[in-house]
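For reference, the structure discussed in these notes is given below.
Labels run A, B, C and D following the written order; every chain starts at residue 1.
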């Protein structure tokens, strides 16, 4: 690591780590993307070129403006749904990191009337709202993806001013946070909460006790303050995994 | 890698990678098989000799004609159900790759009346049909396997001209695609969709929103165009795993 | 490997591999045991001393007679439930290998009235019976374990002459086979079938299509003939894992 | 290892191993904590400073008195919920080790009326009680955490004199034992039992056969006596993993 790491260097490094963490934890598969607001310019965000998250390295990071255009045209393929990021950054100035995933146990909540609600204290942020975005209300026969600025804007509006999560019917979800550590924490616990809520609904369809509004308010503050603890663990793991992978890649092909 | 890789070399290499990917991702276990139409001759296909998919290497690949006979008799044991491949290649000229698996969460759909339907955009191809093949309609007291040309032909007919997936009651499924990357993508997302649909049916048995026909049509085109993204990731992983395994195999036996 | 491996050497080697396979595949955890009839003497069987299956090596294998006494008293701790093995070998001369596990998805079937039935062709042997052994019918307030010859005998009687699997209420199951490869295959697919049957019962509680008797009869013969295919894969994996573990154990302690 | 390991050395070493085991087995994620009563002084306990369990090493272990104050102030951050440990050690003199986790399949039981009950013999200790602690009965709009001595005391009282497990609504659970091996065993099998009970309740909501009181009494004694068997396995694995991780951390960063 460089001796004097700038905020930009840290942001790029954290962004690579965030991609790797969410892939390693099964929140992201070959698709999905993570962004961070550019610490040098709140009117821009940083995100990988179009690439499976588990393969992202620092050299893949591209600066986009809030219209989701790359600020330098290097001819790289960009994510088809980058509008998610630009439009939410425009609408929510406190948001500094965004995760879009096909988090596997969240999709079923996106495609039924069962609302995703906080059952685990780590997921208290769900108490601030977890609406479902139905793209059919905007475009019939679409590919379900947020492939235009207009759809990105509609998505940001559907999130409103408080929700940290929005579900996309037939598709996945988007999670935001004031820091990338908190956004990663929330993306992870959105999936964990979905699994636990599903099981609770099996155990007692009519008697699940969810966190109430006051508990969510109180708890989210604590959770934001401790989001660094799992981050430190996950970061250690993915950095080790990157070292190991690089070593394995130097082995002879059989 | 050779400097000038022929289409045949690429097909063999991709076929080995496809076997390894689907084993690593849990779609294939010790059984199942993957084939690719021979790029040198559309009247032939390439597939491993009878072997667990995770062990397949380039030297195991055998050319079969569309009657599922090996074009050179090297005395190798062949897959007992190779007729699946030959008969589908005969019936569906646009199909260039086929996966037969016992994909674990698809089997329950094959053995109940619950139809497998697209709940996740990546699995939009399910909208073109996912019929169930009931072998009892053809043979009583069978071993459930597609062990003759006649059964292979019946299976291909049951798929019809549009379905990319067919479920085999008590057994597994078959997935096809225009390229091996797309067939692997579809085999993987058939399993993922089955898991998500099962969970959605638990959450709201009567209110699951599936993709409609227009969405499937639109979405499948996009998905075919991006199937290379997870492929690149999966390929990197299995090639690394093969290097690591070969290195481990050189370690002394304890 | 020795140049001239005796049937006894092979049995011991296969027994170690079987322990490791079933631990690696999640059928066995820190408990459970695997035995093989002694190829030198059908009135004896080979099994590890009391040890977690994943740690068993050739030096841990102990010869037991069919009364489940060690033929040489080396003062080693023996499995508390070894009577399972001796009594079944007495009652079933065609049985040459036995697995006792707490296979995680089989336990729920052992503790409800839902019968475990064949839904996947690989598990056709379930069609020959999968009764539940209720130890309360023999001993009140027991520790649920088969800790005496009398309980072992009662268990063998409850299996009868044809069942290859018996479930133990609140505890686990026992699987038998004519070879250790087939017993391992069956123990693995008993777990897989349980998972798939559970999911099928969720999808359509009243319309699951199970394999019928004729299908089971036909299919089990084929499955016995191909049980070596996953065995070869699993054996390669556990041997590699043993090499890797031994190498890792030589690394310095941090 | 030192030639003459003191009881204190062993306790610290076992505590590190216990943290690693429960993280490796998925009982603990980035949160949760494990403690052991100080063998030199039953009025103190040993526990890591605030750190993800999978990262705990011997140098992180801090002695706390039973008021959950560190006996030496080294300025280290301590676990926010350490009162769980101190107050239970005060109330239950036979308890010598405590695990607090967010064990994933236990949370759903904590948030519904479905009682966690013993379905697997390894979890017979559940027969001595597994009450649910509802923090709303003490504090409205809390962060759900046991963040004061008063809450720790209320929790210990809710456990009463016999329960080895208590569930915390919306949060997790606490498991105790007379030794750290037994506490780890119980924390692991609390999760396993929850999974199996959930599945049994799906298979037959009204006909699950649980262990009765006499069976639990008898079985727990046996289980306590064999808890060392999986411990030996798990310890070997985490020690190997620690060696491997240290070696990987010496690899060059890519």
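By definition in this document, a residue touches a chain if its C-beta (ideal position, glycine included) is under 8 Å from a C-beta of that chain, and two chains touch if they have at least 3 such contacts.
Note that the structure is a prediction, hence the values are computed from the model and not measured.
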item: Chain C against chain B, contact positions shared by both copies (same if over half, else different); value: different
item: Reference chain B; chain at largest CA-centroid distance; value: D
item: Rounded Å distance, chain A centre to chain C centre (Cα mean); value: 44
item: Distance from chain D to chain A - Cα centre to Cα centre, in angstrom; value: 31
item: Residues within chain C bordering two or more other chains; value: 202, 245
item: Partner chain A, residues of chain B touching it in the complex; value: 57, 118-122, 124, 192, 195-197, 199-200, 202-204, 207-212, 214-215, 217-219, 221-222, 226, 229-234, 236, 239-240, 242-247
item: Sites on chain C touched by chain D in the complex; value: 29-31, 50-52, 54-55, 80, 102, 104-105, 107-109, 111-114, 134, 136, 140-145, 169-171, 198, 201-202, 245, 248-249, 251-254
